[in-house]
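My structure is below; once you've seen it, I'll send some questions.
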Amino acid sequence: MQEFDLTRRLAAEALGTALLVATVVGSGIMAETLTKDVALALLGNTLPTGAILVVLITILGPVSGAHFNPAVSLVFALRRELAPRNALAYVAAQVAGGIAGTIIAHAMFALPLIDASLKMRTGGAQWFAEGIAAFGLLTTILGGIRFNRVAVPWLVGLYITAAYWFTASTSFANPAVAIARSMTNTFSGIRPADLPGFIAAELCGAVIALIFITWLLRGAGEAAAAKEARP
Amino acid sequence: MQEFDLTRRLAAEALGTALLVATVVGSGIMAETLTKDVALALLGNTLPTGAILVVLITILGPVSGAHFNPAVSLVFALRRELAPRNALAYVAAQVAGGIAGTIIAHAMFALPLIDASLKMRTGGAQWFAEGIAAFGLLTTILGGIRFNRVAVPWLVGLYITAAYWFTASTSFANPAVAIARSMTNTFSGIRPADLPGFIAAELCGAVIALIFITWLLRGAGEAAAAKEARP
Amino acid sequence: MQEFDLTRRLAAEALGTALLVATVVGSGIMAETLTKDVALALLGNTLPTGAILVVLITILGPVSGAHFNPAVSLVFALRRELAPRNALAYVAAQVAGGIAGTIIAHAMFALPLIDASLKMRTGGAQWFAEGIAAFGLLTTILGGIRFNRVAVPWLVGLYITAAYWFTASTSFANPAVAIARSMTNTFSGIRPADLPGFIAAELCGAVIALIFITWLLRGAGEAAAAKEARP
Amino acid sequence: MQEFDLTRRLAAEALGTALLVATVVGSGIMAETLTKDVALALLGNTLPTGAILVVLITILGPVSGAHFNPAVSLVFALRRELAPRNALAYVAAQVAGGIAGTIIAHAMFALPLIDASLKMRTGGAQWFAEGIAAFGLLTTILGGIRFNRVAVPWLVGLYITAAYWFTASTSFANPAVAIARSMTNTFSGIRPADLPGFIAAELCGAVIALIFITWLLRGAGEAAAAKEARP
């Protein structure tokens, strides 16, 4: 990961977030155009999102780490694996890429390029759901990195596939994607006014996961380190 | 696996069972809210369950073995790979985690936190189906551990994906999950009165799988051991 | 594979074919019970079948080769990788296991244990489709064994997932499974009178695949052998 | 790849493209026959296509590279990994194979073997979508080859699974497949008159991906080369 310069890493973060959002928004438009059954529309939104995550994390992970998500960059900054200045640059690239993704999806479906969402997503249950969604996502990433790094793209894709259905909020779990989704008045949208609650919940869930997983995996880490230290 | 202390192993069992049950119950609520087609609802219940199993077993397996299931802990106790005292602690963590999972799902969907199910699931055909479901699950786990340990998370996720559809009971195959599902009056619920029949059938199926697989794989085990013993 | 005695290999073939047929027939019953949309029913039949194939081939392949299919055993006999006498025993175990699978599925769903199918599947287009289905299956198996043996369970599961939809016959591609499916008057059934046409088409497709793949891969095999022979 | 002679490589390209098109066209026919819900039909078209791509690229990739796509062969010719003369032969094999695939699908479903499509797919938004589709496909392939070659069959299958839904054109992304699909008047068809716009957009998207990925991955390539060059 260190082999790539910051420009390329930011390009990878922007491209990845753009294609991720284009998939989320685009497949939502396709799905709600083709069917009146909302469960089927959610399925047509879920499978592409899970699939593209596996692809994007595999091909861009070696360049930038494939965060595509400010909550993930925050956690890596807290773990001191990403310098604070670079974390801010990552977040800017993710937000810009995400907005580009919405614009790309709208252009493909011949819709106005930007359109504020009217879909209300707010209230304690929704925020709790977003917190759980982000907790689960970071638990998946941190546990995966620890025990089966090569499987992380698959784990994230599968986790989001599940979380689209088991969380009441359909698991945004990503502040940059949430901002981008506030700019589409289609299936996957969220009212701009509802963003702060979602983003706060996501960051809380992510930090709680970091604390919990750090505790859970500490014992073995020390044991393994001690083992390696033996002559 | 031995590197982690019992507290962390029990935390992993509780967390894993909680997220598993939250997925089963939560996706069931989401699915039946969004569609009237029961096959589509079952699909919206199946894919998240299979997906989250791959994730949870991958990230928590190295900590606790990722049983999340008293029938699995029973089999490992019978194989003397888990001390009886620890097996009891595992089961307690699984049941507590499972109930927490139901509560989490209800909180996300703004439902009463606990609600006894009214869904009848009883009778000889259902019990036979549960026995087959648990037999298949343990056959999958024991065969997978023997021949392709790294694939076990995938095998379990895929097996449950199939078993949700091919068994008449939709394959609970897990006493802790069954108990947790008796506390939700939604898509995935089961009447508390029907628990004993399901649990008995699951334990029977699991033990029969242990006996059968032990016989099936014995020959080669001895041959392989003899091979290794050669100078 | 040679480590297991014939009894265990036949047990593995019977068990695998039984669970495969129980999945095909059982998920078909579940699907047509839950929905009136035939495409959705086929989806509810497809995903479990593909998933269980990955599981069964992974856990039983090292015991018996996991043929579960007389057309596959025929091809391995023609390749002289299975003695003719053993091939006949394999086929007998597969047919017996398949019939047991139908009975198990019926018992789980509280149906008469055996019931002749009334579903007509005949005519040149259907036979051509079955020939293509078996050609593709054997091409998948023989190519997979040659280039990525560990992926074969996945390749077969994915191939059948595709073939359920792209062949007009929904891809039986397996004489033992076809016989077992003639004994269920449910979604996945086939009239007993239509078996000979299906079985003949399947065996033809399998043998053509053997001939074609043997030609296709011959050049490189010799080149690779020559390479290895160099000092 | 160099081990196979050109005849076998062309046979692999033709066979792979034929089975790919047979899957696309055949599953489209099956899907629109079984349901009136267009989202469900697209799902019944998506899953088989994604699944067969994993299979075909795994088993034929070692023979010919498994392009099955003139846009892919063009990119490898531009990278000087395929001689211009061979690239032309590849394209011819792909187009011939694709047309054979349409004929095979029609024969299986007892339809006229060739039938010009009446489905209109044209206009700036559709062309932009096709450009994005091909850009994403080549980004997936080139990134996958660089960082996880063994995963490429999976990445392509997953990418197309996503792109069927997130691009407004349902992601043809392949001139040979587009030509073959102009000869079927079913779910997956495209009017012959609309081919030039689609093919031009696909080639543009592919070349832009080549330029972008070459830039993105250059830095690390040089760094890695320098590293290896150290004594």
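Chains here go by letter, A, B, C and D, matching the order in which they are written, and residues are numbered from 1 within each.
Simple rule for what comes next: a contact is a pair of C-beta atoms (placed from the backbone, for glycine too) under 8 Å apart; a residue touches a chain by one contact, two chains touch by 3 or more.
If you want to know which protein each chain is, UniProt gives these names: A, B, C, D = MIP family channel protein.
This is a predicted model, so every value here is computed, not measured.
Peer 1: Counting residue numbers used by both copies over all numbers at the interface, does the chain A (MIP family channel protein)-chain B (MIP family channel protein) contact come out same (over half shared) or different (under half)?
Peer 2: The interface of chain A (MIP family channel protein) with chain B (MIP family channel protein) is built from mostly unshared positions.
Peer 1: Based only on mean CA positions, could you tell me how far chain B (MIP family channel protein) sits from chain C (MIP family channel protein) in angstrom?
Peer 2: For chain B (MIP family channel protein) versus chain C (MIP family channel protein), the centre distance works out to 28 Å.
Peer 1: Taking each chain's centre as the mean position of its Cα atoms, how many Å separate chain A (MIP family channel protein) from chain C (MIP family channel protein)?
Peer 2: So the centroids are 40 Å from each other.
Peer 1: Where in chain B (MIP family channel protein) do residues touch two or more other chains at once?
Peer 2: Correct list: 37, 40, 43.
Peer 1: Taking the touch definition from the header, please name the shape of the chain graph: line, ring, star, complete or other.
Peer 2: Looks like a ring, each chain touching just two neighbours.
Peer 1: Spell out the residues on chain D (MIP family channel protein) that touch chain A (MIP family channel protein) in their complex, using ranges where they run on.
Peer 2: Of all residues in chain D (MIP family channel protein), those touching chain A (MIP family channel protein) are 37-40, 42-43, 46, 50, 123-125, 128-129, 132, 136, 139-140, 143-144, 146-148, 151, 154-155, 158-159, 161-169, 216-217, 219-220, 223-224.
Peer 1: Which of the residues in chain D (MIP family channel protein) end up touching chain C (MIP family channel protein) in this complex?
Peer 2: 3-5, 8, 11-12, 15, 19, 22-27, 30-31, 34-35, 37, 40-41, 43-45, 47-49, 51-52, 54-55, 58-63, 104-105, 107-110, 150, 157
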